[in-house]
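In what follows, chain A forms one complex with chain B and a second complex with chain C.
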Partner chain A sequence: MANIKQLKNEYPQIVKEHSPKNKVMINSAKAFLVGGAICTIGQGFTEIYKYYGMAKDDAQMVSTVTLILLSAIFTGFNIYDNIGKFGGAGAAIPITGFANAMVSSAMEFKKEGYVYGMGAKLFTIAGPVIVFGAIASVVAGIIFYFV
Partner chain B sequence: MDLFMELLKTFVVGGIICSIGQILLDRTKLTGGRIMVLFLLAGAVLTALGLYEPLVNFAGAGATVPISGFGYALVKGAIEEVGKEGFMGAFSGGIKATSAGITAAIVFGYMAALLSNPKSKS
Partner chain C sequence: MGHTGKQTIVFKNPPVITCAYSSAGPKESAGPLGDYFDNQLQDELLGQETWEKAESILIKQTVQGLLNKADKRPEDIQYLFAGDLQNQVIASTFGLKDFNIPFFGLYGACSTMGESMCLASIMVAGGMADLVMAGTSSHNCAAEKQFRFPLEYAGQRTLTQQWTATASGFVLISRCGKGPKIEAVTPGKIVDLGIKDSFNMGAAMAPAAVDTILAHLEDTNQKPSDFDAIITGDLGNCGSDIAVDIANKLGVDLSKVMNDCGKLIYDDESQDTHCGGSGCGCSGSVFAGYLYKQLLKRNLKKILLIPTGALMSPGSTQQGNTIPGVAHAVSIVMD
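Moving on to the complex of A and B:
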């Protein structure tokens, strides 16, 4: 019995020791570095495309497509997962994280088939983002029509 | 030097946006998908209020690459299309402006998933 009482007293301490430390500062610094780096790579592509004669808007669009392509490839080779483990939101918030979420959930449900597995699960994360995005754009458009 | 300054601005602004996401992830119970939707909507609302465009002009990809930039592109597209096409522009403009990105994500995403297998969880 004494043992149990002792354990009860020590338990909160044990929980504290084994629960993950609150590393908000370090995590945000990592997110800052990774997120900043991804955006800078995107800007780099834009500059390169502009250098080769593309208009600014086109260059930005092609740069976004390039980032999405790279993210899909890196996810396929299981590399983006590791970037995500280090960078957290820094890897998730950029458009590359959006593409990564699509590919990784599609990969995970590959066994359920090409239509209901991959075809449907591609949109586990992307679906909500596109749904709310479409709604927001229509609402904004209507407001600006009347204002 | 100019290019270096441009890239530095991109890095700092993109980094700040992502670290806000990380703080939300660590300090609240919001999951990754919800934070993405939240950032998208934040980008959309700030764009409608005319506050996101200056950030894009300042930081370029630092503001357009984060998912809030997707919200920016959607709303900007819808507003511009309303100016050109009238009421129906509200329905066509957003997706039209972002169609290349969405289609790229679907096509490349499906192909990448088709050609690769998840790492075994051992």
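Moving on to the complex of A and C:
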């Protein structure tokens, strides 16, 4: 009988031929629109806060907090995952994506209890971002110190 | 008869599948096969608090449904072979514990319908029992949580990804009675052609499916055209195409008889499932719901069912391991 293992070398090529391809251009355009829209909304909040007399730095910080709050609420109401499905990285990269990663984990693992479930699993997806973000900031700080 | 060729068992006294019962979640019930499922669920949580508990209730309802349909009591069933995708096959444990039927818990990933039917029919045909139950289940949300991401995480699914079915199928396998007969089984080997992409399970499992199909055909000295249909478990659209292609390269033309439960269960365009369905419950419910009824109506008289499984854990793929596949063939005839 013909042995399936004889196809091992050419198998990756066979799989590639039959696998549907991602539409990179359309996906990039969608990511640009969604990411751009989220950032524009953030800028809108900053302008509103400034208009009501907040200092620029404070307004920017409060806008960030507002976006995080909105993302958490949208995740809780099963809306943000649809934005992510449409916008891909455009929804994942802004701070709203980070909030979604934490809130979705909290929702999913709450059933295993507040300590071993939600507490332990809260950073399942967001954890690496914090770890490597902190390391990168240390490296940047050292470079900044000497330059 | 008995052990035939390299890895096939042909039964002298073929066991009979006297009854079958299927349950399907809301999305599966809205699919092209929706009307064929015996128990069509409206609520993905089945009134429970967690996905894991929901899957246990799904199993419980399916087994109770099968007992009712066959007019049997739990004590009439001598042994039970079942498994699911949850860690330590825990959905089956909690779904089945109140029935008090001697239980073999199986893990064959999504090939569990094939594995359970193989073992149950061997037990019956070997004269060890008269009436045995076999089946499996899967739950989309429980599987996503365990193998991928939290449900509300805003990630994008790749185009090769398949949709794990919320579904369950159980069958009764009897020494005598009316119904389609299991004339032979070919347990599959673990086949690994080096696929590492856990978002393309069809590609990981296709070589195992082809290996088992070819072994069955050779051991029983048959051609693909001897079957009305050769139906794999959950290779999905991409995996099915790959399977037909590699079988062709090995000199066997499956294109005219090949189909796949994962291709049948959803309308990928309108239901946005990408590459078809997957999960133990996919082949379980499509066989118990759709194919079994086609056999009873004699629309199909002889099929080869090959549930396919991808053998991996989240840890094994993260550690850089490949994803081996396994597939078990069950040859079913309706006189």
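Keep in mind that, in the parts below, the second predicted complex is superposed on the first by the 124 of 147 C-alpha atoms of A that agree within 3 Å, B and C clash if a C-alpha of one lies under 4 Å from a C-alpha of the other, contacts with A are read in each partner's own complex, and residues count from 1 in each chain.
Please note the rule applied: contacts are C-beta pairs under 8 Å (C-beta built on N, C-alpha and C of every residue); 3 or more make two chains touch, one makes a residue touch a chain.
Quick caveat, the model's predicted, so the values are computed rather than measured.
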Legend entry - Contacts of A:I38 with chain B and chain C, given as first, second, both or neither: first
Inset, instruction - Of the two partners chain B and chain C, indicate the one touching more residues belonging to chain A. - result: B
Legend entry - Which of chain B and chain C A:Q60 touches, first, second, both or neither: first
Legend entry - First (chain B), second (chain C), both or neither touched by A:N78: both
Inset, instruction - Using the superposition on chain A described above, determine whether A:L7 touches chain B (first), chain C (second), both, or neither. - result: second
Inset, instruction - Could you pull out which residues of chain A sit against chain B in one structure and against chain C in the other? - result: 22, 75-76, 78, 81, 88, 92, 97, 101, 103-104, 107-108, 124-125
Inset, instruction - Over in the complex, which chain C residues touch chain A? Could you list them? - result: 49-50, 145, 149-160, 191, 193-195, 200, 203, 207, 210-211, 214-215, 218, 238, 241-242, 245-246, 249-252, 275
Inset, instruction - Please name which positions on chain B make contact with chain A in the complex. - result: 3, 6-7, 10-19, 21-27, 32-33, 35-37, 39-41, 44-45, 47-48, 59-62, 64-71, 74-75, 77-79, 81-83, 86-87, 89-91, 93-95, 98, 100-102, 104-106, 108-119
Inset, instruction - Flag every residue of chain A that touches chain C in the complex, lowest number first. - result: 1-2, 4-5, 7-8, 11-12, 14-15, 17-22, 75-76, 78, 80-81, 83-85, 88, 91-92, 97, 100-101, 103-105, 107-109, 111, 124-125
Inset, instruction - Going by the contact rule at the top, pick out the chain A residues touching chain B in the complex. - result: 22-24, 27-40, 42-44, 46-47, 60-61, 63-65, 67-69, 72-73, 75-78, 81, 87-90, 92-99, 101-104, 106-108, 110, 114, 118-119, 122, 124-126, 128-130, 132-134, 136-138, 140-145
